[in-house]
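Each of the next two complexes has subunit A plus one more chain, namely subunit B in the first and subunit C in the second.
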Partner chain A sequence: MRSPHITRRTLLAGSAVLAAPSIVRAQAAAEIEFYFPVAVGGPITKIVDSYVADFMKENPAIKVKAVYAGSYTDTLTKAVTATKAGKGPQMAVVLSTDTFSLIDDDLIVPFDTLATTAEDKAWLASFYPAFLRNGLIGGHTWGIPFQRSTIVCYYNKDIFKAAGLDPEHAPDTWDQLTETMLKTTKRDGANTSIWGLEIPGDGFTYWLYQALAIQAGVELANAEGTKVFFNEPGCVDALQYWLDMSMKHKTHPQGIVAWGTAPRDFLEGKAAMIWHTTGNLTNIRTNAKFNFGVAQLPAMKRRGSPTGGGNFYLFKGASPAQQQASLTFMKWMTTPARAAQWGIDTGYVATRPDAWQTEAMKQYMAGFPAAAVARDQLQVAVPELSTHDNQRVAQSLTDELQAALTGSKAAKAALDDAQVKATRLLKPYAG
Partner chain B sequence: MRKETLQAWALILPALLLLVAFTHWPAVATLVDSFYTTPKGSRPPRFVGLENFTDLWTDPVFWRAMHNNAIYAIATIPISIVLALAMALAVNTAIPGRALVRMAYFTPTMLPMIAVANIWLFFFTPDYGLFDQILAPFGGGRHNWLGDTATALPAMIAVAVWKEAGFFMLFFLAALQAMPPDLKEAANLEGSSRWNFFRRVTLPLLMPTTLFVLVNAVINAFRLVDHVVVMTRGGPDNATTLLLYYIYEAGFRFWDTALASTLTVVLLILLGLLAWLQFGVLGKRIHYR
Partner chain C sequence: MTRKLEITGAWLLGFIWVMPLLYAVWTAFHPAEFATHFSLTAPLTLKNIESAWAAAPFARYFLNTTILVTLILVAQFTVCTPAAFAFARMNFPGRDIVFAIVLMQLMVMPDILLVANYRTMARLDLVDTILAIALPYLGSAFGIFLLRQTFRQVPQELDDAARLEGCSLAARIWRVYVPLARPTYLAYGLVSVSYHWNNFLWPLVITNSVTTRPVTVGLSVFASTDQGIDWSIITAATILTSAPLLVAFLLFQRQFVQSFMRAGIR
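Right, the complex of A and B next:
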């Protein structure tokens, strides 16, 4: 037999259950697990952990377990594997472009079926439409914008000045961009000490390429995610321009520039301009030892950048109480004040217009006007390439783009091949 | 059943259970899966016979992966074994700081591959990475080691050899230490040259160890892909896609279990053939004491 002391405590606890069943049930059920990725430099995990700790202080009935799950791909893999094994997280942050695949695999729950009060509906409508678009499929809202980004041009003002260019003005058009690249590229003999521009070509190749394609006036896929237009003439122009940067003008390193190398080269003063995610803004701001500027991407036929980054998703398998708790957590994480703080802490774009009206954000922008560039670019932003079987379709484009960038295929041939591959992959969905 | 037989079964039961649960059962399940389509949402898997294999036959990425893996194996296996043997012979003699050198050779084995890959990522960075900095005084110029289809796979091979050689050295060193010293004395009395002694005595006595190391090297040539995940993700344009990496992509990124199972079956057959070749053919020619 156990000691009477424990028996008494057990009894007490038992009577508490009888006295306040609803609270106890809420406490027992509202344990939620949440997977998130880190795709940019900086102490993102620490920031997320501190938010979660603050949330639990304010909402003692809900216990949130935030699990750092690696890159975006890793996070998706872990969340899907765990969900298929019946041990999945209740929510996760994964790429906005994986929405189709998650729906096709029957893994997520649309928000509009849960967030039904007037207040909830207002919350769903409070985000920038450009960020919501990837998650709007079949009349449902499947993703809540969280760590969202676009591509911007970071440029080194000191190099611009040395090259006799206006350091307060980045190129507005492709013609100006070519001219700027030629002026800022610095060679001594066979070696290039400063590259005019670096566009990363591994990992997210299709994303960076999409920016060029948008500027050339083409969209890569239809809204239903069933058709791609990889070999349209505009697409070929876009890729040809990227190839010309390195092979014709010699202003961009040959071959593939790594995702992580571009910002490092920029910080080392070896690249006058780089195109990179806004998610790197805080990293570059902290580490740049020179004056730098942030600008919208230039235009050929139009300006534009794809949106990028991750949404909150609600996974199937969560109990109703867990779903409500997850919703509470997401709402807390996306209040105007917190969206603003998250933007300031990381460089991701604050996901709703009212976040930019908060005091904290106004102060931040006053000291660092560059932060608003990404927001302003949202006016011309296009949803990131997203189709059914998205990882594979994007990979077929990435493979062919890399083939062109490494010089083994011409632009047109590479994109023709990508079109054939992607069309074959999408055949089951074409209907 | 006789009491001894029962006892024998009881004794091997734990090992048998583990082997069946983690080796035989998954292999059989994979084989079965390779005859079915990938289940999608509400669509259950459908039996298609050998269709997955015929599809694989026309998959260019599969052939690319096979081709890459062949080069990867042909390069890593002999280089790492010869290097391991050379290192073992070097630290088996009395040289100053022998313990330190042995430790240095063995360090790569102890470091986790993912951490190591991140360090090598820096080594391979163009311009200010370690290799370009070393080559710079000799007019090396800029090398985009990982961003060029011609150098990306050799870069992966270099990391694998660096990682493996120290581990194999350990086995060779142990075998060398176990060799009776009177053989060396006898050879000296007979006036045999060092090369002759190595070729006629050391090498034959090392053969059992070499076979063991060879088996491990072959397995590793198909198994060691962690650094590919970190450093190139199979790129550029599948230049570093190895068979196991492609299996991972198919299984856990594209969620195409049919393709992943089919690839796994191919890998199993390949490894089975190689094992048969090694033990069946080479094993017979080796002298065990």
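Right, the complex of A and C next:
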């Protein structure tokens, strides 16, 4: 338990740090805590634990405590409650899309106010712009990309071959996709033994849908996060295409495919293709008993996928010493070598271009070229839907999308309703 | 005819209710390949249970939950009994107003107090302790209300007789009121234990480490979906965490149902 005395001491140390040269800074003791959205007991916990241990060995003056908090939503709930009560973590990894909400609640500190040296500025600029964009608001950098992903298409090469398709080539356009779905879907009478494609429709419905919308040439929100464009004609086309997959072509399961079961269906050979996060790459690589490929998502008007995943945020309430210590820790966690290792270990996308030039990454890619697909897709990636009051705005879209997917509303009507709901939520921010 | 219909309906509802449980049992005791294949000849295995047990410190989570529910139950009984007796049988100025204030607590959703409670715990330096999970629940308006209603139904003659025999106030509560209210205690205890066994949001927010997390939070942080799901392990963990309550229910089913009937709550 931290006593008030220690807080005061770290505060004093903090004010000394600002004036002191870096050698002295290394001796000032600081204790930092960060919330991490990951399953306890899963492989990632062990990876993060080992990173933290290594970091403390190299920086004996800083004590880091990692708190594993499960899902992104649970982590956010914990971090927000604790910070509002005045005892929050110094850092947390939460969704990149929650930036607006965290700023609106006055809970986080922008990095550019702390990272002011030339070296620090170079560090801030070293990440992929596509990953930084969700955290760039009002001219400040609020989030450091860490656990980042995009959507890719996993496909079963064996099923492709059996259907007479080129197993080295996934569909490039929606037309090709339709054709591929029709060819790979396999029916035994009334039952379908192989579905052409599965796109998960729960949990992150709006995220998967955003990929279709991007491909249809529309963006779902403006950069200020004050306006959404859910019922543009392109959006309706995108949703209609998703609905056609199941209702017209019968190549996608009816209703809602579960986020958690799509990878299992793929691994069991019940789906020829699935769209899923790159965060699943390692899982699929370990468990697939057939040849599989990873491909960029196809294009209608353009190619594209939203980015996804979590950023590092710096929470208010940290003392200056703790802020500096947190910054040191984040820099350490995002060096090219470690970003590369993190990508290799988890399947998340290494967040900076120079990470892909490291030896370890080059070797990994030589053995497993599919790993580079997500990186190449970053050229056409679009920031994930992020607005003020993001959780509720995204939820209003998700609810209506699910209503359409289950057949209780038509595409246009559902998106109109989502637009109305979201606009009402965003009214206070429209200004 | 209507009776037959009722029985069929009951079986149908029961079956729908038990389906997820049956699925969990099936998946937990079969290899992962059979997670979505139903085949009677599928090999049985305990490996999922083993790996779930090994993957997360469930033993510790159980211990935490047990400490938590015991602590809460004991404290609630100790606090609610004298309070309920005072409201039921003692006359003091402002009694009804105080009782109304206690009842108002029933109208407040605990979730609203999340931040306020957290702030209190932070001030007491109790964040990330089992006591912090329990503290907001130690006094229970529901418990006081329930016991008060029961105590009021205890015949005054019994109380008077005990007093004539020379019983002190505490002895009268202990020897007359508490024994007669046993079904209420049992029913309330069950409600309290199952509520706190299942409680999630507050324990999630206030705990940070393995040594304090109860099973619900442990299970939730175990089964995060971002990385793809291994249903076998997750169902195994679910069976593990819910088994004690399920077994207790099956063993004491009759007492459960009767106590609820007698106490008039569900």
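Throughout what follows, the second predicted complex is superposed on the first by the 398 of 431 C-alpha atoms of A that agree within 3 Å, B and C clash if a C-alpha of one lies under 4 Å from a C-alpha of the other, contacts with A are read in each partner's own complex, and residues count from 1 in each chain.
Following the convention adopted for this analysis, contacts are C-beta pairs under 8 Å (C-beta built on N, C-alpha and C of every residue); 3 or more make two chains touch, one makes a residue touch a chain.
Remember, it's a predicted structure, so these values are computed and weren't measured experimentally.
*Asks:* Clash or fit: how do subunit B and subunit C relate after the overlay on subunit A?
*Replies:* In the arrangement built by aligning on subunit A, the partners subunit C and subunit B clash.
*Asks:* Based on the superposed arrangement, let me know which partner A:V67 touches: subunit B (first), subunit C (second), both, or neither?
*Replies:* Touch partner of A:V67: subunit C, not subunit B.
*Asks:* Looking at the overlay, does A:I44 come into contact with subunit B only (first), subunit C only (second), both, or neither?
*Replies:* In the superposition, A:I44 contacts subunit C only.
*Asks:* After superposition on the shared chain, which partner residues are touched by A:T77: those of subunit B (first), subunit C (second), both, or neither?
*Replies:* In the superposition, A:T77 contacts both subunit B and subunit C.
*Asks:* Report for A:P263: first if it touches subunit B alone, second if subunit C alone, otherwise both or neither.
*Replies:* Second partner only.
*Asks:* Taking the superposition on A as described, I'd like to know which of subunit B and subunit C A:K87 touches: first, second, both or neither.
*Replies:* The second partner, subunit C, only.
*Asks:* In the overlay, answer first, second, both or neither for which of subunit B and subunit C A:N280 touches.
*Replies:* A:N280 contacts subunit C only, not subunit B.
*Asks:* In the overlaid three-chain picture, which partner chain does A:G225 touch, first (subunit B) or second (subunit C), both, or neither?
*Replies:* neither
*Asks:* Contact-wise, after the overlay, does A:D104 reach subunit B, subunit C, both or neither (first, second, both, neither)?
*Replies:* Touch partner of A:D104: subunit B, not subunit C.
*Asks:* Looking at the overlay, does A:G304 come into contact with subunit B only (first), subunit C only (second), both, or neither?
*Replies:* After superposition on chain A, A:G304 lies in contact with neither partner.
*Asks:* Once both complexes are aligned on A, which of 202-210, 220-228 or 238-246 in subunit B overlaps with subunit C?
*Replies:* In the superposed model, subunit B runs into subunit C at 202-210.
*Asks:* Where on subunit A do the contacts with subunit B and the contacts with subunit C coincide?
*Replies:* Residues 77, 81, 203, 260-261, 264, 268, which sit in both footprints.
*Asks:* Please name which positions on subunit A make contact with subunit B in the complex.
*Replies:* 73, 76-77, 80-81, 101, 104-106, 190-192, 201-203, 253-258, 260-261, 264-265, 268, 270, 389, 391-392, 395, 398-400, 402-403, 405-406, 408
*Asks:* Looking at the complex, which residues from subunit A come into contact with subunit C?
*Replies:* 1-3, 33, 37-44, 65, 67-72, 74, 77-78, 81-82, 84-87, 203, 259-261, 263-264, 268, 277, 279-280, 282-284, 346
*Asks:* Flag every residue of subunit B that touches subunit A in the complex, lowest number first.
*Replies:* 40-42, 61, 121, 125-128, 141-142, 144, 146-149, 232-233, 235-239, 249, 252-256
*Asks:* Can you name the residues of subunit C that touch subunit A in the complex?
*Replies:* 33, 35-36, 55-56, 114-116, 118-119, 121-122, 125, 127, 201, 204-205, 208-210, 217-218, 220-229, 231
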